[in-house]
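Both of the next two complexes hold chain A, though its partner changes from chain B to chain C.
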Partner chain A sequence: MKVAVWLIVLAWFVLVIVPIIVLFAFSFFTTEQFRTVYTPTTTTWVELFSSGRWEVTLRTLRIAMTVTLIELAVGFPFALWLAKGRVGKVGRAVCLAMLTIPFFLDVSSRTIVWRAILGQSGLVNTVLMGLGLTDAPLDWLLYSEVAVLFGMVVTLFPPMVMPIYLAISLIDDTLLEASNDLGASPWQTLSRVIIPLSLPGVMAGIVFSLGPALAAWVEPGMLGGGFVNLISNSIESAYSALRYPVVAALSAFVILLLLLMLGAMYLIARRFGDPASSFRVLRG
Partner chain B sequence: MKDKFSTYSQAQLTRRSLMQGMSAIAGLAAFGAAGRAAAQDMPLVKAYGVPTAALKDWAPMEKSIGVRCELSGASNDVGVFMRDVMGANMGDSVDLFIFESGTEDILGPQGLYAPLDEKHPELTLWERTSDDWKRSAVVQDTEGNQWGVPVIGNADSFGYFPEKLGLAPDSEEELSWSLMFEDENTRGRVAYGNAYTYSMGPAALYLQAKGAAQIGNVADMTPEEAKVVADFLIERKKAGQFRTLYGAFEEQIQLLTNKEVDVINCWEPAVREANLVLGPDATRYAYTKEGYFKWGHGAYIAAQAVDRGNLDAIYKVLNYFLSGEYRALQARDRGYAGPNMDLGVEYAEANGWTAEEVAALKATEAKVNKKFAKPYVSTTTPNNASAMEEEWQRFLNA
Partner chain C sequence: MENRIAFARVAPISPKLEISHAPVWKRLGKWGGFAMLGLIYFPLLWLILLSISRNPLGGIPGDFSLEHYRALFANSEWHMPMLASLVIGVIVGLICAVAATIIGRALPALNSPGKVLFLFVIPLFVPGMSMGAALLIFTRAVLGLKLGFWSVALGHFVWAFPFALLIILVVTTRFDHRLVEAGRDLGASNWRVFWDIEFPILMPGIVSSALFGFLMSFNEVMRSIFLRGTTETMPVWSWVQAAAQQSQVPIIFSLASIVLLITLPLLCAAFWLLFVKLDKS
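Moving on, here comes the complex of A and B:
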């Protein structure tokens, strides 16, 4: 057993940690004439901040967190309803299928459709103008931050809902009945029983939404119209100039931010209860 | 030009040629097997590069010059290509490299490409090839050293709706890039490519032409010059000039066919695709006053090939790239322009091509003559790439 753990740790170290260290090391080199100069220097990092390029990380963070919060606000009630609400077997199967199928479709093809719907001569604007609700097409529907947020919320809905749904459906119904019998209000049952027991699912949902949201590339590219420049777009651009150190520095910066955020999230989650508590339910 | 969202280049796209490109490679492979017996005695030239230079079928070349060519396809990524040439010493086995302009600026002076011998007896068409092509930055380095032979290319401008701009649908009037950047009538109705490699040059060209900036080399701007261009673009962005900054070829087509914008700096095939949906001449590809984003592919000799004894065969192939037969076949099968379009027309007429095919070749020739006399030739490897990219990010983040 111990050997297995060490093997896993070793494999993890070689496959995940070492590349990150290499990445971090690369950020201390520079590029000249499309060749990487392997002389350690902080030039790339200094430029990252002096040119204002690092601001792209703050924008990315702001948008990614907004998306994650919206997902959580919409996804948690939905998952609760799906797991414990009065949904028939067929209804649940249909909902789960609808949540799963998008995983098999390419994000680009799912996203590009919105352009035809949200564009100036798109479906939404045509309907709005047809109904006389607006005189001119709303141009902020597409190529704006609103459009990017919308596209990301749609794309990342399943990764938020699925883990929460699984965590809630693992909660034994007798616990909810007991809470009810002991005179707890629905709100008390939610806050004292359901939320603490579904925390691992919520944590997983946040990680699965926040991670891709931080790395979002398709939605800002296709729905932002170039007005919502996020970290992945910035990295892609640096890559096109073969500026690997800039790519490395931007990536390393995001990883650092992500670690900070996950740490903060863990601390917050601890206030609600033991994040690992549901696993005890699993062990029965 | 490389497409951000895809793995193919503009050249490969012409005439929906992604599939054709694939079949060309497949054809090569098939030829390798079937034609080997017949062509066994012919000298062989091995090429490595973007597959766009390949003919759909090399048989006409073998018949004409008695040399076989095997082309293995490279990625369109300039970084990957240069790494292959530099790191993997591909010159040990490959005779010719074919790639978009820029690699010669670095690989030439580093000694990985052999200088072109303009007096080589097999290079008979060199003399009559126009300077617009043979002295272009596609095949010369910044010092003016000659490293290669031009193979294909085009001059990119912008697509527009003549009706929306109040122009006759068949107008060949030269328009100003101000329609992209400053015209009040197009404000908020312009799509602008979001890659600095493709879009920064035309803005610099425009600023220079109207006397608002002094720019030494539009394709390779100094940090100060790039800053002037970025400042101008930021000002225009804030003024609401651009409806969107697009990223991919598919978007170019979609923006035109949805009529989301009136003007877009784009690849010529996008206009063609849009017109298939909207009707002939619904959109047009502009002739411009200031100039074009001229791109091209060149063929360069590997330095190691000089001592391999098949230099005559290599120069025969290079000369073939300048010939009417190659020109006519490439234009017909893939829609490419290139040097010596007039020879292409001659070839088509002499070989009984239909009047329609000949007319199309003549139209391409006229277009190329009109466009190629103007600046500027793009490069995939500007010396100031870092500074240009950094300034471009400032524009994108503004």
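Moving on, here comes the complex of A and C:
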């Protein structure tokens, strides 16, 4: 049995860790006439930002961060209510199941329906015009940055809520009672007890929604209508041109952006309290 | 004593403490989340309604008919991708269940389970596109292999396994090891202890992890795009059709509705089994 365990660990290492290392290594190669040149240079990285992709990167960052902030603003209070509000056992189980089920559903078929809802003759425009709020259908609802943003906010809600819920539900109720008994206002309990203790969950939630948002591909494809180019579209076009080093550099760039954001988050989190201490709870 | 009463008057302590004494915030949190859940599930309902409408591209359901389902069944183009997805899904589900059971049983007994668990959940932190690209470069450019079913299955396995493992851990961490000791004391062999005692207790977790592995694989698009070579899976086929021509969209609506109507009850059953039935026993 031990042998099987270590075989799986080894296989996993080869299948997951090695490809990620290779990905980073490949970003330092170049392509000439559809062939990869295996001499380490930084040309691919330099070209990455000179060929007008800077704009694409900024747009991706802007959309991804907006999405993450919206998720956090809606997700944190919801997770707090779900974990510590007076929710019945059944109600909580139903909410959790409803949050988990979308992980197992096809993103593209869920997203393509928004075309029918947000389109010129779609539900939203029909209702708006029926109510006389607008004379002509709103055309910025679909095939626009707003549509892409909206689609991502809907898809990435469960990945934000789940880890925050887990972290908050691990907080002992007696800590909250103690805080209250010592005369803390609800706001003080929230900012000094709940938020510092839920930081690992919040950070995991940010990774789980920021990562997919930075690499989002279904939403810009389905709801952007070719008008909203994100990093993923650059990766795809480099892939069809067989320019593997560019694919590698862009993919590695997404991972690096994610790590950078996480590092920044960690530094901000340190101002609230000691984030490492909350990991200790998980370890113990 | 007087001080205490004065304090109580200033800041009344509720009988059972809740996060916020200001109900506005509580209500905002609750309804904000419900609104999001609504936005997640409303398109699914709309999808099914549109799939039985005569003109789904019009955007408003109505004039119900099953003509797109008839068109779907008359069309055979989706059979191969569907078969490919089913086969890959079954393989990924089975491997996930077996591997997750082995690791899930061993993990709680390790000295530093946290580190090993982290190793296994790394794919959750890497965006799907980056992971697909990493596997593509590793298999295609470094190893020089020809992509096909196996590479799609590989990509799906890497994606599905963390979920399968987390599900198995729900049952293995609750498992009472005294049962195994009792079995041994009564003279059962290791294999018999596993088969007669451990396996039946872990069964719901194993079945769920296989099911979830299957579903993760069946619905996966982003990694498949990179790793498919020339094979087409079901979601990739729908994706290509939807992107290429609007006239195919009604059929895709019907197909997605069928998949949804099969998937949702399966998921609900798995959740019920894992979290309601197990909690009672």
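Rule of thumb we're sticking to: the second predicted complex is superposed on the first by the 242 of 284 C-alpha atoms of A that agree within 3 Å, B and C clash if a C-alpha of one lies under 4 Å from a C-alpha of the other, contacts with A are read in each partner's own complex, and residues count from 1 in each chain.
Everything below uses one rule, namely that contacts are C-beta pairs under 8 Å (C-beta built on N, C-alpha and C of every residue); 3 or more make two chains touch, one makes a residue touch a chain.
Note that the structure is a prediction, hence the values are computed from the model and not measured.
Partners chain B and chain C, brought together by superposition on chain A, clash. With both structures placed on the common chain, the touch criterion links A:225 to chain B but leaves chain C unconnected. Contacts of A:51 after superposition: chain B is touched, whereas chain C is not reached.
Of the two partner chains, chain C is the only one touched by A:99; chain B is not.
By the touch criterion stated above, A:233 is placed in contact with chain B alone, chain C being left untouched. Residue contacts after overlaying the shared chain place A:108 against chain B and chain C alike. Look at A:256: by the touch rule set out above, it reaches neither chain B nor chain C. In the superposed pair of complexes, A:116 makes contact with chain B and with chain C alike.
Which of chain B and chain C touches more residues of chain A: that partner is C. In the superposed model, A:15 makes contact with chain C only, not with chain B. The clashing stretch of chain C relative to chain B, chosen from 147-155, 237-245 or 273-281, is 237-245 in the chain A superposition. Residues 108, 112, 116, 119-122, 221-222, 236 of chain A lie in contact with chain B in one complex and with chain C in the other.
Residues of chain A touching chain B in their complex: 31, 33-34, 47, 51-53, 55-56, 59, 108, 112, 115-116, 119-122, 139, 143, 221-222, 225-227, 229, 233-234, 236-238, 240-243. Looking at the complex, you find that chain A touches chain C at residues 1-2, 4-5, 8-9, 12-13, 15-20, 22-23, 26, 36, 74-82, 84-86, 93, 95-114, 116-117, 119-123, 126, 154, 157-158, 161, 173, 176-177, 180-181, 183, 185-186, 189-190, 194, 207-208, 211-212, 214-215, 217-218, 221-222, 232, 235-236, 239, 244, 247-248, 250-252, 254-255, 258, 282-283.
Partner chain A is touched in their complex by these residues of chain B: 2, 4-5, 78-79, 82, 106, 188, 192, 194-197, 242-248, 250-251, 254, 258-260, 381, 383, 385-386, 388-390, 392-394, 396-397. Touching chain A in their complex are the following residues of chain C: 7, 11, 13-14, 16-22, 25-26, 28-30, 32-33, 35-37, 39-41, 43-44, 46-47, 50, 56-60, 99, 102-103, 105-106, 114, 116, 119-120, 122-131, 133-138, 140-142, 154, 157-158, 161, 163, 212, 215-216, 218-219, 221-222, 225-226, 235, 238-239, 242-243, 249, 252-253, 256, 259-260, 263-264, 267-268, 271, 275-276.
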